[in-house]
Amino acid sequence: MSARSLGWPIAVGIAFFALWESIVVALGVKPVVLPPPTLIGRVLWTRAPLIVEHLWPTFYEIVLGFLLSVVGGMLVAVVITYSTIARKGFYPLIVVSQIIPKVAVAPLLVVWFGLGGPSRLLLAFLIAFFPMVINTATGLTGVDDDLVRMARAYMGNRWQIFAKIRLPAALPLVFGGMKISITLAVIGVVVAEFVAAQRGIGYLIVMANGLLDTPLMMAAIVALSAMGLALYGAIALIERAVIYWQPTSEPARGGFA
Amino acid sequence: MTISRRTFLSGSAAAAIAAGGARAAGAQGATKVKFTLPWIPHGGYSHVFVAKKLGYWEKRGLDVSIDRGFGSGEVCKTLGLGQYEFGSLDLGVMINCVGKGLDLVATGGLSPRSPVGIFSLAKKNIRAPKDLEGKKVAFATGSGDFQLWPAFVKATGIDDAKVQKVFMGPEALIKSLIEEQVDAEGNFYGSIAPSVWAQGLDLNLMLYEDYGVRMFSLVFATRSKIVKEQPDLCGRFMDGVMEGLAYTYLHPNESVDIHLAMVKEFQGSSTNRDVVKHGQGVMTAMGLVPDVEKNGLGFMDPEVVKRTRETVIAYMGAKDVPAADQLYTNAFAGRIKLTPAQWSGVREGVKRYVPVKA
Amino acid sequence: MPDPHAVGVTGAGKTYGGGVEAIRDVTFHVAPGEFLTLLGPSGCGKSTLLMMIAGLLSPSRGEVTIDGARVEAPRPDVGIVFQSPTLLPWRTVLGNVLIPIEMLRRPRREWEGRARELLTMAKLGDFEDKLPHELSGGMKQRVAICRALIHDPKLLLMDEPFSALDALTRDQMGQELLRIWERYRKTVVFVTHSIREAVFLSDRVLVMNARPATIALETAIKLPRPRTIEMQESGEFNRHVGVLRHAIEAYA
């Protein structure tokens, strides 16, 4: 990303915050309802140690839940790609599991697995693993048939075709799935923290809200958003390094230029 | 020893327990105990933080961890399933859960007066139940105050159809009252009042119990298994928490300081401090009843427990609820007492928090 | 007695699941080192025939042999070039050329030298580290041809390899191919729908007609080698073209 292309989001951001600040001041909006950006910034600064202390366990669980969903999702995708029985048997179940709102299931998970990490990881996994399954399976099966035929013509066996042809060809879709999954993992862990945690950024948000400390609540939300953006950005960076042979799924630059 | 649950809880073993409970820590080292609050650790729960900070459990050989809770209903489950040794929760909800098969017993009272009621901003001038007709009233889905609303309607004779009800998640309730999106709402005195007062606003309130819906509110509870098999542990835990409660009654400002020191998330502004202070004051005020002054901290009036049980059966659809004397025990209560002079001072200190029927 | 034919097709037929008969009773042989072309309009089954020789499809009737042995599956002594280059976009040119070596599980190191030699000969020596998206269509097909030769196959099968290229590139590629073939003298079975291309490249041409595919005509191309572009002007060349065109139109 060039310095110039970074300039635009920054400019828009500054304009947005300036507008927000002036509206809040002009209309005399109470901080408990909508604090001005300057107040949120001050809270972010003065209470940074507390926010970071709660951000860390959330971050750890998001990354862990995400990794589990990537590994699990890809494994399931491979199984349903190569086994017709598995596909016919499990695929409908997987789809149904996605339709059930995880937030509704969360209290049950707590009863079965307790109020600790396992419940939250399970929730994050359940939310984040479906895009990995779909995208990986689509990527594996959607590979150009000509490439597969070429590999067969040169005596590639099933494993070689999977590892050297299908898997690399599927990578763009796999990374697309990962970008969706990381976002969902963030949501999953934070939502789980609302109903089943003793620490974490979601816990801090609930605590701040419980005392009507809206500035702290919004500061926590800002910190959470920054973390989510950083995680997404990390994946996009890795994607660009791994998928060096074609443009990635990031929006194109230039527009109508 | 095999004693039936009934005889055991009637306190006939009280003497043995009292002797055991006062003993200092054994040679083994601290016993780990997990305790859950009913909700987030707001000002009403200063006593547990005091007990922990000032070593009232430590000196009795207990290492107590304090977790936030997710509502009395959830506490029933986690406590009943053994994920915690002790918990604090609403007695009515606990009785309902015992009816559903969870193994719970109340070991001491915290708030004999029920904080459940209908609250509104003073400026709305809603002073009597009849004033609610034609108004918009908010409730949290699944809340205790909404479950008891039919009892309140019956007791006050208002026309339910004329009250416009809206539902929202519990987090949104207080804000929507302050922002006047609703005229009144069902809530818990200890939750709503401190936050509203800290914003510089005044409240009108109608507590259900002032209109005949009498319920015991917050209690400490555990599984009956633990009461039966580890009465010594119960005694030590309850003594520690009651000593903390006494300190909170007698030293409210220091208690607020301790609370803020231990719950870092609530530091940061004088408004936050006020919310904690008011919350603590409200809980103290709700504990000031004659039979506690007479019998000591934690005492639960058998009549009130019986009335609570009846209300739960009538309005919460509970079935198969055991007899009242199987649901609680005063065996651990009343071992910490304040002098009449001390009670006087406490009452004076929380005068502004005692809810007055409008 | 060893089979003198590099490729033998005897009474081959292919019927697909829906009852569509693609090929009916095709018989021909290819001599070792011969350049044979299957010529016909698009979709007349000549590609299917090539796939059967490659071992990627099996005949419904009849027999396909290489060096006398029945073809059951793809073989390491066969190289194949498809209509589209089918290079792996994530591999360099060198990596793509070495694919047959990898599939055959031979040590890559030992064959890198040969790969570079082939690329140099195909005038791609400076491009070994480039990725396919950096190459033109003609260059990609040249890489595909190198790939088809890396494992030193005796038989080269080519399925309309130049039809996706423009006319100028096509002529150039034809000359390149002949140059490579002269150097390594493989047996080649070439499929095309271009009459001029067939005449220019081949020793012998089999004209095939549409479904079900059968051989309509067999003719030997009596032009001297090495073939040059100028030959395409000669009367002899155009006489061959006329014969083939007549055959195609007659049996269409």
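The letters A, B and C name the chains in turn, as written, and every chain counts its residues from 1.
Methods note: a contact is a pair of C-beta atoms (placed from the backbone, for glycine too) under 8 Å apart; a residue touches a chain by one contact, two chains touch by 3 or more.
The structure presented is a predicted model; accordingly, all values stated were derived computationally and were not measured.
S.K.: Using the mean of all protein Cα atoms as the middle point, what chain has its own Cα mean nearest that point?
M.R.: Minimum centroid-to-centroid distance belongs to A.
S.K.: With chain centres set to the mean of the C-alpha atoms, which chain is at the far end from subunit C?
M.R.: B
S.K.: Quick check: how many Å separate the C-alpha centres of subunit B and subunit C?
M.R.: Their C-alpha centroids are separated by 87 Å.
S.K.: Can you check how far apart subunit A and subunit C are, centre to centre, with Cα atoms defining each centre and the answer in Å?
M.R.: 49
S.K.: Approximately how many whole Å separate the CA-defined centres of subunit A and subunit B?
M.R.: Distance between chain centres: 39 Å.
S.K.: If I count partner chains per residue in subunit B, which residues reach a count of at least 2?
M.R.: Residues of subunit B never touch two or more of the other chains.
S.K.: Give me the residues of subunit A that touch two or more other chains.
M.R.: none
S.K.: Subunit A touches which residues of subunit C in the complex?
M.R.: By the definition above, subunit C touches subunit A via 54-56, 73-76, 78, 80, 82, 84, 86, 88-90, 99-100, 102-104, 131-133.
S.K.: Given the complex with subunit C, which residues does subunit A contribute to the contact?
M.R.: 144, 146-147, 149-157, 160, 164-165, 168, 171, 243-246
S.K.: Over in the complex, which subunit A residues touch subunit B? Could you list them?
M.R.: Interface residues on the subunit A side: 30, 32-33, 43, 46-47, 50, 107, 110-111, 114-115, 195-196, 198, 203-204, 206-213, 216.
S.K.: Which of the residues in subunit B come into contact with subunit A in the complex?
M.R.: Of all residues in subunit B, those touching subunit A are 39-40, 42, 67-68, 70, 74, 77-78, 81, 83, 171, 174-175, 178-179, 195, 198-199, 263-269, 271-272, 275-276.
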